[in-house]
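The following pair of complexes shares a single chain, subunit A, combined with subunit B in the former and subunit C in the latter.
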Partner chain A sequence: MPRSAAALHTLDIIGVYAVAGLLIILGMLVSPDFLTADNFLSILSAVALLGIVASGMAFITYSGSMADLSVPAIMAFSGIIAVAALPLGLPVALALGLLAGLAIGVMNGVVVGVLNANPILWTLAVAFFMEGFMRFTWSNNQLYPDTEPGTPGAAFIELFRTRVGALPLIVVVMFALFVLGHATMAWTRFGRESRLVGSHRAAARTSGVRVSRVVFLNFLLAAFAASIAGIFLASMNKLGVFYLGQGYDFRAVTAVVIGGVMLSGGRGHMAGVLGGVLVIGLLTNIMTFLGITAFRQNIVTGMVFIAVVGLQQYRLRARGRDYA
Partner chain B sequence: MVTTALSMEGITKRFPGTLAVDGVDFSVEVGEIHALVGENGAGKSTLMNVLAGLFADYSGRILIGGREVTLHSPTEAKAHGIEMTHQELSLAAPLSIAENLLAGRLPTRYGLVHRRALHREAKALLALVGLDVDPGTAVSEISQHEAQLVEIAKALGNKPCILVMDEPTSALSREEVQRLFAILRDLKRGGLAIVYISHHLSEIFQIADRVTVLRDGKRVGAHDIGEVTPQAIVRMMVGQAVDEFYARRMAKLGDVALDVAHATRYGFFHDVSFQVRRGEIVGLVGLSGAGRTELARSVCGLDPMHHGRVSVMGNVLATGGYPEAVAKGLVYLSEDRKVDGLFLRLSVRFNLLAALTPFHSVAGIYRAGNDGSITERYLKDLDIVAASADADVGTLSGGNQQKVLLAKWLATCPRVLILDEPTRGVDIGAKRTIHEAVMALADEGTAVLLISSDLPELVGLSERALVMRNGRLIREMAKEELSEETALLAANGEGMVSNA
Partner chain C sequence: MPNARQPTSTASRSARTHAVRLVNEHRALLMLGALSSYLAVCAPNFLSVENATTILKGASLNAITAIGFTIILILGQLDLSVGAVVMLCGMLAVGLEPQWGWAASILASVAAGAGVGLVNGWLVVRARINSFIVTLGTMTVVTGLMHLYSDGGSKSIDDYRFADWLEKPVVSFFPPLVIITVALVMGFQAFLSRTRYGRGFFMVGGNAEAAWLAGLKRDRYLMAGFVLCSTMAAVGGALFAASLSSMTSAAVLGTRTLMTVLAAVIIGGTVMTGGKGSVFKSYLAVLMLTTLFNGIGCYGLGFEVQIFVNGLILALVVLYEAFAIHRQDVLRGQRPDLLREVEEGTVFEGGQPPSTEAGESEMNGKDRFPLICVTLTAIVAIAAITAMYFKYASLPVQVVDVGGTPRAADEPDVFVLRGTDGQPYLFPTADPVTIPDRPEDPKALPEEDKGHWWDIEFAGWKVQKEPMPVSPGDGSRGKRVILLKAGDHPYWTAYVRGFNVIADAYGMKTKVFNGNWNMDLQAQQTDQAIHERPDMIIFAPVDATACTPLLRRIYKAGIPCITSNTIPCDEAMKYCIAWTGPDDWGQFRMLTRVFADALGKQGGYAIVRHMPGSSCFFSRTYAPITELREYAPDMKLLALDTANLEAEATMQLVDAWLTKFGEELKGLVLAGDGFSMTGTLEAVHKAGRTDIVIVAAGNSKTGMDSIKAGEALAISYQSAEGDGALAVHSAARWFSGETLEPVAYLPKHIITKDDVDQFMPAQW
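Then we have the complex of A and B:
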């Protein structure tokens, strides 16, 4: 007998936090400095950018479009535009940066949602195009803000370094996005319709769902989250340039999938995704403690992704080949 | 001298739960076109699949050219000269005609395809069906009619002694059908034995020499075509009416709920106008390909409509598509629950509530409110058997899945319900439950339009029937004149009175 859907959901969420717990124990064995408030704060800060991107990416996967591979381009573009617009003042710069990223989201939403393009190939093409476009427009240059004290540039740089009480602003933003994301997924009409579209697009259409609109809004959400992350990333690096954001696409999908959102769509939970983000953060942190270099860390992340997707496929088959 | 090309004796094939073919005798002479007819589920396909070697576990004797053979695999069937053409063509559209014709046995030289030999052989095959086109043309470039002929040529390429044709004319125009028949007569004179499966009785009387009628897996008759009339064949197909199964319903008709005026979608249906009143169940009769499903999907906005106007309870549907229709109370139960009906990987509960999403949302926020009691109510009312409301719908039996699909729409309290094959492939108990639920809904004042190839169901439930043929509404039949027999004849364009 198949276990009930609700129980499976709970299991997915508990599962990812159990893995996080195991990693914490492993971390304590690796280093005495691991289990300190400072280290946890640094883990949270380190994963906050990824978490913000993943909070948007989760909607793409959940609604059956698998992944938005234009996320790195959106991040770089909104960062560049924000830095370039700094002479107009910080609020205007932030708004324009956000709008720049959203513009790419609108384009993705129209082409995938309304014109029914393949989401993977289309967003891959957008990423390719945007990189070329940014390199051409800014002649491969990095864009530096004016950081004289008192200028909008100085305030922009401070953004990433701001603290709200004990927590960095970026961590607060990440948690806020997850709370909002959870509310959207669980309690709104849009969240329910995303689930229907993700489970079975044709059946969603014959159930009266405006499928194009739902897909469109999901791409807009992903672009919104990626733009916020892109602006923070530019603030962190004190510059805007076409390559900022590289690698966030795949790592975000990995976090989403580890968090129990099915690549085939329609199943998953924001709490699980947050767990997935934490697992990736812990894993990276432990590997850093062990002195494993960044490139080798990619190998481990890739292997984790393969293992989790393999497990998902296996479970789908076990649930019933005829209707999976 | 007449010899028998094929003789099947006492063929029986059992599926879990049903006896699909039960001791059927069937024979075809050399140089004969033998029509095989019966309603959906009568056993035609199963009998022909036995002949095609799809089942290793049939019982009975099969003789080909007088010699007993076993047909336990498609390879064996082909080796004995049995070929089939299907309703859905089996051609690969991007490839050339020649490549399709000789697929699997392309002539080669030095390990490469020998293009000249390929085209030469293809030309010879095309000549058999009287088709004069360049064999290098891609199949996607040729017409339906030509593709049908290519399909036949492909079957002939394997030098069959028995050719089975399943609904070969469903995509053809009247003139094209006549050309196809001329070719079939030639092939017949050449000594080929042809089994011709069709729902179109008029075609059978034009082309067939003999006809075998199946009903409920049994043979009910085999006659020379000159001995029978369309009426007699229909009577054999439908058998005794089982009216008592359907409770007589006293329909209380109200205002017009669904008003369709001059609906046209080019290539599918033309200038169709009709009305359905509150409390009324109207059957839509027609053969496959008559345009019934297409009409239903366009009326509710799932597919485009080029001309025409649809109103629900006096409100004209604008261009909002299906979501607008649902909001105004016009809903459509999809023909195939697996293709676009149910979310098989989601729970029974989620499926039941799926269509309620817009109705239960205020300012974008979903209010679960009485979701629990709605779920409980339909599980109980429709007697849905599931491990729990949280079990995936995909784990349910076909009948229970179909009940969930119906409940999804019942939950929205529709003004107009369009049912497309509401009981296809479900057991008798589920069928009864679904019929009762539909009648109860009509009693509460919902207008129902019923599309069904299950004639007893259509005749039993409908107060009135509309007959569609070749995309046009050709007739309306009142309850008194509606029977399985008259419905089937009308769908074939024949009947006592015709006022097209």
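Then we have the complex of A and C:
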């Protein structure tokens, strides 16, 4: 990467963190209790699930497929399967839950990657019929694990509540996924290929990139992250049900886009996405401190979202890098 | 372009390829035709003039919204805010009507919609932000504005003249609502395909460069497109609200409208990349989906089947389209001569519509990798599902003890039947209720005053009912009862269980419609239920206020109706024989007193509210506030907010409260003991607070477990099975000629650690 481009690259990352920094200053003004380790830990654990989903969704957006709307279905499905398979033992249950989510990812990957279906529409269709399938199979019921001490169920619900040192396991997993994601996106051949596919699919194809495979793997990664989040969500709620995970699709896209990944693909980085997730967490936390109710929070969040993305767009245009 | 070149060969293959193309072009019409002919022959109660009107009427909201949405897709853009605009503008139309009258309020709401469109357009055109992002943002903002305007409740007006006019057929079986819809569709179809400006939309969306060369101003077209799209959504929302004289603020109406419209427009043949589409075909596709939902309802199948089939149809269409493009790409890139042959029908044996298998097998040689993955995963997934299913099936099944086989006698002893939690479904005597006097003007009192809520809390007790249908007095045996339930939830699964047990005991025939929390769907289902002419409709409203016109329709059709679960407003109570369900206010007052006693009537507390748009959003917030004001005036309300009943959001909310208020916060009142409880307990544990007193509305398994573990102090006992049982029991009493009380409450009880075991296992 040429030096000037690298500098701009750094600047892009700083962009989101500048917003985060502003929010932290605002928070300090709002309440003396804001800038405490406890509060930051609670912000982190509140956005950890979103962060995990976003770390996968970022690959979809980065490689030019915009969004995976089947994420809620993947989360619910992996959660239900994990809970249902608990009698087989915790490791098997977790593996099956993960595989269940990955199965949807594979289906998405093949249809969007190989058959070139429209990603938004296909994943919407998947979300529809998976919802129907899950409602039908479990008769709209919640599936509870057996949580007697010593059973796999008890270990399963502890999953969300485990701590690694001072940090909750889920926060550690989120950071791990972001580090892995960053390594994959920035330093591997697959990451570079994703970038090329995201920027210009035809150019990627002519230069010998196996586009189908790259898109396929991106959907697989998104499903992988969503499955992990789904299992954690089921563990947190101590049950599996078809509507767990609703809303995570658009929320994750919001985080990814605030984080500077362009919806048109091929531009952005994982560090920015992490920043986007933090901005969302900080914003909600500060607004709750201020006593702003959920209705007004919606309005502010929507406006901040548009404003941040608008600014990024403006800076790109000012540098003559309009994506149009 | 498929139609650009005429087939030169006269071979029959060419004709067949042409036929495939024709089928694809008119797929919405063909699907609609095939589906309705199948349903007309096979489905019970489908083929009737009334049902045709129901479908046409039911499609109008989605159809009008789909007009604008088609235009925006033709331009190659996306508008995710249409659902939110529908809700905001419906709310505005109803909210402004009392001061301004219908004409002005509808105009104002349409103007508001156009305003949203202008903002969207400006951000896309001037600020050059991707329309997906812009409208994702405005969707959130507009939903927030709508909730702010409605305060999370519903709005309604008691004047039905305009609604009746919209609904009543004028020309054969077309009511004005349908005529307006069709006129709009036809008008826009003509505008898009017959005028120069209209055709410009296709050019700008399909080929921006050509449009520029032709001198078309892309920015203006985009601007016009966004304004038109939001305006049409506003018209749809305003007419929908006008036809019901009310509007709900439950956000699911907006999200389902967006999803259904998106699916319908694509099924109708519009492509997301722009440049191709038809308003008329979108309308046909909306009709097709509405017919599908209607038909599935005729069979008595649930929403799960509807959404499943909807997903499959969309998936097939997307796959077909992807395959068609893919086939062209492959051929165009490698052998242009082959492409011509395909178009002339000389390759692809028989010109059959290519299936997905064909698509995958074609890729076989190129990239086996994904296919291997598919096979592997499919095997694993099948194995997983089988394993899981075995395990699930081998789990101990809770046996419903119905006291032997249902006896189906005319006067069965239903009071001995016990539900899955070991409690009786029904109690022979109800708790005595005292109704205080209605204040002069409840709304003039502050919200913290009990009197402010009198009309909601005691709805139905003092209302002057319209003359009610007379009971046949011949018992309930063989009577057909239709249950219109509000939506899917484990509570409702248990409700239907209780409902069916008692209905079986009385020998009634039942059928269930599921409204999926969507006002639009419940309105259609109400019409559908009326056309089936049952002996009784049991109606569980999606919305306490907006259900009034639906109950009125049932009343006008002469069908006796009992409302259940959510307590409707006073106006709605005029049109039903009785209401049965939980005394939400009463049990929350009891719960609050237990809460205050545990805190010694001292200290600060906070309330986690229910979902906006539900009646519990108010009852489970203001019952505690008003009760504590009198019972424990020293207690201080620190905060109240909704987390949409999500565990993560609740955790975040309570976390922030605990940090903000610290030791000042002594107690929490939760509107639900499921996800709200889970999230709250997480936050409380994390903060290391063991002194916080928690009470919640019950009683799910999660709630009972936390009572048992001593994490929460108390929950209310609200038997879901009992709720269903009480409704159908009241129906049975009415059939045998008894006079019903206008309101019948479920027994109230507060579950604490002392007696929690009596209520185990939980019903849901």
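Here, the second predicted complex is superposed on the first by the 294 of 324 C-alpha atoms of A that agree within 3 Å, B and C clash if a C-alpha of one lies under 4 Å from a C-alpha of the other, contacts with A are read in each partner's own complex, and residues count from 1 in each chain.
In the analysis below, contacts are C-beta pairs under 8 Å (C-beta built on N, C-alpha and C of every residue); 3 or more make two chains touch, one makes a residue touch a chain.
All values reported here derive from a predicted model rather than from experimental measurement.
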Which partner does A:199 reach: the first (subunit B), the second (subunit C), both, or neither?
-> first
Tell me the contact category for A:266 with respect to subunit B and subunit C: first, second, both or neither. first
Identify the partner contact of A:174: answer first if only subunit B is touched, second if only subunit C is, both if each is, neither if none is. neither
Q. Which partner does A:214 contact after superposing on A: first (subunit B), second (subunit C), both, neither?
A. neither
Practice prompt. Return first, second, both or neither, reflecting whether A:302 touches subunit B, subunit C, both chains, or no partner chain.
Written response: second
- Message: By the touch definition at the top of the document, which applies to A:278: first (subunit B), second (subunit C), both, or neither?
- Response: neither
| task | Would you check which partner chain A:188 touches, where first means subunit B only, second means subunit C only, and both and neither mean what they say? | result | first
The chain contacting more residues of subunit A, comparing subunit B with subunit C, is C
Where subunit B and subunit C land on the same part of subunit A: residues 210, 264, 322, 324
Contacts from subunit A onto subunit C in the complex sit at residues 31, 33-34, 36, 38-39, 41-42, 45-46, 49, 66-67, 81, 84-85, 87-88, 96, 99-100, 102-103, 106-107, 109-111, 113-118, 120-122, 124-133, 135-136, 139-144, 147, 161, 210, 212-213, 216, 220, 233, 236-239, 241, 247, 250, 253-254, 257, 262-264, 281, 284-285, 288-289, 291, 293-299, 301-303, 305-306, 309-310, 313-314, 317, 322, 324
So, in the complex, the side of subunit C touching subunit A is made of residues 78, 123, 127-130, 132-134, 136-141, 143-145, 147-148, 152, 259, 262-263, 266, 272-273, 302-312, 314-315, 318-319, 321-323, 325-326, 329, 356, 359-360, 363, 366-367, 369-371, 373-374, 377-378, 380-381, 384-385, 387-388, 391-392, 394-395, 488-490, 492-493, 612, 639, 641-644, 646-648, 651-653, 655-657, 659-660, 662, 675, 678, 682-683, 685-687, 701-702, 705, 764
The answer for subunit B against subunit A in the complex is residues 302, 321-323, 325-327, 331-332, 334, 338-347, 350, 354-355, 357-358, 361, 364-366, 387-388, 390-392, 394-395, 408
Within the complex, subunit B is touched by subunit A residues 1-2, 4-7, 187-193, 195-196, 199-200, 202-210, 264, 266-267, 319-320, 322-324
